[in-house]
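The letters A, B, C and D name the chains in turn, as written, and every chain counts its residues from 1.
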Amino acid sequence: MKDEKPELGWKNRVHEIIYEADTPMGKLFDIVLFILIIISVILVMLESVKEIDAQYHELLFTLEWVITIFFTIEYIARLVSIKKPLKYVLSFYGIIDILSTIPLYISYIFAGSQVLLAIRALRLLRVFRILKLVRFLGEASQLKNALKASRAKITVFLFAVLIVSVILGTLMYIVESEEAGFTSIPISIYWTIVTLTTVGYGDIAPITPQGQLIATIIMLVGYGIIAVPTGIVTVEFGKQSKEKTNTSAQAGTYVHVNTQACPSCASEGHRDDATHCYNCGSTL
Amino acid sequence: MKDEKPELGWKNRVHEIIYEADTPMGKLFDIVLFILIIISVILVMLESVKEIDAQYHELLFTLEWVITIFFTIEYIARLVSIKKPLKYVLSFYGIIDILSTIPLYISYIFAGSQVLLAIRALRLLRVFRILKLVRFLGEASQLKNALKASRAKITVFLFAVLIVSVILGTLMYIVESEEAGFTSIPISIYWTIVTLTTVGYGDIAPITPQGQLIATIIMLVGYGIIAVPTGIVTVEFGKQSKEKTNTSAQAGTYVHVNTQACPSCASEGHRDDATHCYNCGSTL
Amino acid sequence: MKDEKPELGWKNRVHEIIYEADTPMGKLFDIVLFILIIISVILVMLESVKEIDAQYHELLFTLEWVITIFFTIEYIARLVSIKKPLKYVLSFYGIIDILSTIPLYISYIFAGSQVLLAIRALRLLRVFRILKLVRFLGEASQLKNALKASRAKITVFLFAVLIVSVILGTLMYIVESEEAGFTSIPISIYWTIVTLTTVGYGDIAPITPQGQLIATIIMLVGYGIIAVPTGIVTVEFGKQSKEKTNTSAQAGTYVHVNTQACPSCASEGHRDDATHCYNCGSTL
Amino acid sequence: MKDEKPELGWKNRVHEIIYEADTPMGKLFDIVLFILIIISVILVMLESVKEIDAQYHELLFTLEWVITIFFTIEYIARLVSIKKPLKYVLSFYGIIDILSTIPLYISYIFAGSQVLLAIRALRLLRVFRILKLVRFLGEASQLKNALKASRAKITVFLFAVLIVSVILGTLMYIVESEEAGFTSIPISIYWTIVTLTTVGYGDIAPITPQGQLIATIIMLVGYGIIAVPTGIVTVEFGKQSKEKTNTSAQAGTYVHVNTQACPSCASEGHRDDATHCYNCGSTL
């Protein structure tokens, strides 16, 4: 499978480097990309700190350009090495890639610090690419499966928490004085969630005896129901853990997926023994 | 069962639309009601925000009337389409329905912003109707069962937490200075619960070394015992989850309930194959 | 067993009423005592609230005397109806009983509000008598067993948390400025525990970048290790729950304890079929 | 094994006292060391409290010298009684031992309160020796194993939490006003972690409606995912607990380790029936 590729020309070679991770060059590319994304994220952070921006503005600006140029080259390489470029452009990662490349170019068209920052922050979305690299770790997939399995239950639970918060927040607004910070029902609901989740900022806190009594009840309720999502996820983990043991026991039933991506449609998660893309049918 | 109904006249048709959810019209009614309840809740919230109320008072007031008129029509329709209206009027949902309809009418009799708000907030209770719709979701019922099964244990636990809070709160009142906010035993108990549940507002915080030492002990105790409700609920979930698997295995023993309501007494949760109400015996 | 008792005179009758709960009079006594203890606790609380004490001082003072007189009579009755009074006087509950009776008498000997309050608060310890009543509930004993079984592990865990807090607290003291509130190592350790247990008062909070970085690490560590006590207790609960099921299955092995107390040494927890005290050997 | 030792001279006797805990003298030494480490840690703490240092400076200084002299003697004894002193000097505990001994000597060379404190605080690291003593407790090792087994999953989880915090923190920085304390992206990320972990200091808190809305979402997310590490650790504990039961059942397979240390290379954790060091092969 792999030995047929080189003869398909430089486009295929570029494709293998960028989209796959099973050649030394492909791995190197992934690591360099990983580091550059981290640097670009740290750059956005540092520029937001006024003292650092004032002192190292020139350096940060230069680094911004280095990152932007690399990202531009990477984006063009991704475009030319794929058979269906439009599909990539309109895909989730395609949109994130273009959004994390253009901010510096746009900043020459639109001026204004707030707008500039907002679009520069879009670069943060590229961390999803890192998550994509992490996706193949067994640990992460087990975590994801357990969360996926308990998603429905946790949604129902959070919905119930929201309704309880609306009722208790309104009660609190009626009972507690406005001086304590309970100036409107939305604010009171915000406070109720702050209390129920045991975050407890203290920017708003009840000052009347009846308000403190209700707050005490809310806290004890929160203490009692914090157990619910934990219970859900723990039971799911227990199942996952058992299934894993059972699956390993039945040798041969486990489908190994690899990091190869289809050169035509860029879909991933192919079986190790796949010779055709499960999505578009073209040869891998 | 279903095909015999139309001939029973318009009252039955209205009953089917309002009380049941297995016809297209019934489903549409439920969705419209759901949206209107959400809007009415949001209206109460927005009116409490002074800036919004000042700017959009006319619009909010008009919407209030639209909601109130719909709720009035709905209430009358519920009354006339049921065989025993008095039973509905005195039922839990009957009382909530009337309480969420009348506020605007009452506001013409009693003036005074605080009273007006309190009765308007009663409309929030209609969210229970939404919960009723959610009730038939399998996830929610599993959650409810686990919570029901662990209710006794959690009550005993919360009772123990309360006694511990009373003792530690009193100790804190004796030890800590009044300047730190520990002005009375009830306040100190309130603070102890704020600390034990790890909410920690910080409006009251110990300032003397001995007070901080006791606070540290309370926190570590709270950290140790937060595990208790979680442990209880997790074990219950584990059981529920196993039982569910076992029940599914024994085909035929699972009783399917549906959304049909008795046209005579409005009781719900009938079996799929039921032809008579389990409560009053009238034909479904 | 029960039918032989009346002939043993009034002392035995008093003993049965006060120390046991299986006759109507005994149950009534327990309920009255329960209510009086709750009232006495609420009295101590209310007296500490300055506004209430100023307004209702006379009423509170009268109620104090009523409670004190009842407790005095109860204490004397307990003394005379038991065969070995000295053993009772020196027992845990005997000491609590005398300490909750004498404050008002002592207040005539020693004057001074602080001292007075401290000894009056001792009455709170009588809530342990209520806990004693609760002890026979199955739920509470299951909770207690699970906590007992995981006590050793939780102690080791809390010890490890303490050592980590000492090291991180000292690090924080060196790194963070004194203006932020980190004025000494003990204060920094106090702050570390406030953060690790996710209480987070906010009276002391890091203000320098390096301090906030360490704080972030402490929080994530706390987030990671909060799972430990929960894991311990959950596993214990799971075991308890299984054992209970197994025990119930093996009929006859479960030893039923009852609320009877030995008339001679007041020890409790006798088997249902016991005719002699397991502690002193006297006939029950 | 033990009876052959005395004839090997005083070095061996000193080795047995210092490095092992199975003779009365060895146990006494461990207890004295334990107490002295605790005292030295408390000394560092007390010196940091300005009021105490001002009043008892002389006493604290004298005690410092007593501790330092004992630690010096202990260090020399450890050096001479071991066959390969250099290996000990360069080992983890060897470095900690020298670092906790020298501060007072160094303070005569370098003056300056901050430097002095920093090096004195190094003595805290000796608490690891206490942890070493605790290591042989079964409870601690079970805890450690469960944490070790779930380390990979918790790392992946914390990494995901960090990425989510970076994205939500940046969003918060764009949305929320600077007056509320969101002055830079790193500060906003710090606040996001404070909120996600439910610590909630309240030094920075959202004040705009949109900021409070995002904060509410962050809190509910934090509430939902706090379950994840708990689920991981609980499942691991369940496994450990089962394995322990199984292991105990298979009599003879459990390898008992003891507190003996190799007199030549100081490695520990030898089997009870070992006659040679598993590391360097010399006779125990």
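Note that a residue touches a chain if its C-beta (ideal position, glycine included) is under 8 Å from a C-beta of that chain, and two chains touch if they have at least 3 such contacts.
Remember, predicted model here, so these are calculated numbers, not experimental data.
Participant: Count the C-beta contact pairs for C-D and for A-C, then tell me which is higher.
Facilitator: It is C-D, judged by the count of C-beta pairs in contact.
Participant: Compute the rotation angle for the C-alpha superposition of subunit A onto subunit B, expressed as a multiple of 5 degrees.
Facilitator: The C-alpha superposition of subunit A onto subunit B needs 90 degrees.
Participant: Subunit D and subunit A are one sequence twice: same or different residues at the contact, by the over-half rule?
Facilitator: Because under half of the interface numbers appear in both copies, subunit D and subunit A meet with different residues.
Participant: Calculate how many whole Å lie between the centre of subunit C and the centre of subunit D, each centre taken as the average of the chain's C-alpha atoms.
Facilitator: So the centre of subunit C lies 33 Å away from the centre of subunit D.
Participant: At what distance in angstrom does the C-alpha mean of subunit C lie from that of subunit A?
Facilitator: About 47 Å separates the centre of subunit A from that of subunit C.
Participant: For subunit C, give me the residues that contact two or more of the other chains.
Facilitator: Touching at least two other chains: 186, 198-202, 226, 230-232, 234, 238.
Participant: What is the shape of the graph in which nodes denote protein chains and edges denote touching chain pairs (line, ring, star, complete, other)?
Facilitator: complete
Participant: If you look only at subunit D, which of its residues touch subunit C in the complex?
Facilitator: 41, 44-45, 48-50, 117-118, 121, 124-125, 127, 130-131, 134, 137, 139-140, 142-143, 146-147, 154, 158, 161, 186-187, 190, 193-194, 196-203, 226, 229-234, 236-238, 241
Participant: Which stretch or stretches of subunit A touch subunit B in the complex?
Facilitator: Residue list for subunit A touching subunit B: 152-153, 156-157, 159-160, 163, 166-167, 170-171, 173-174, 183-186, 189, 195, 198-202, 205, 209, 212, 215-216, 219-220, 222-224, 226-228, 230-232, 234-235, 238-239.
Participant: Mind pulling up the subunit D residues that touch subunit B in the complex?
Facilitator: Subunit D residues touching subunit B: 198-202, 230, 234.
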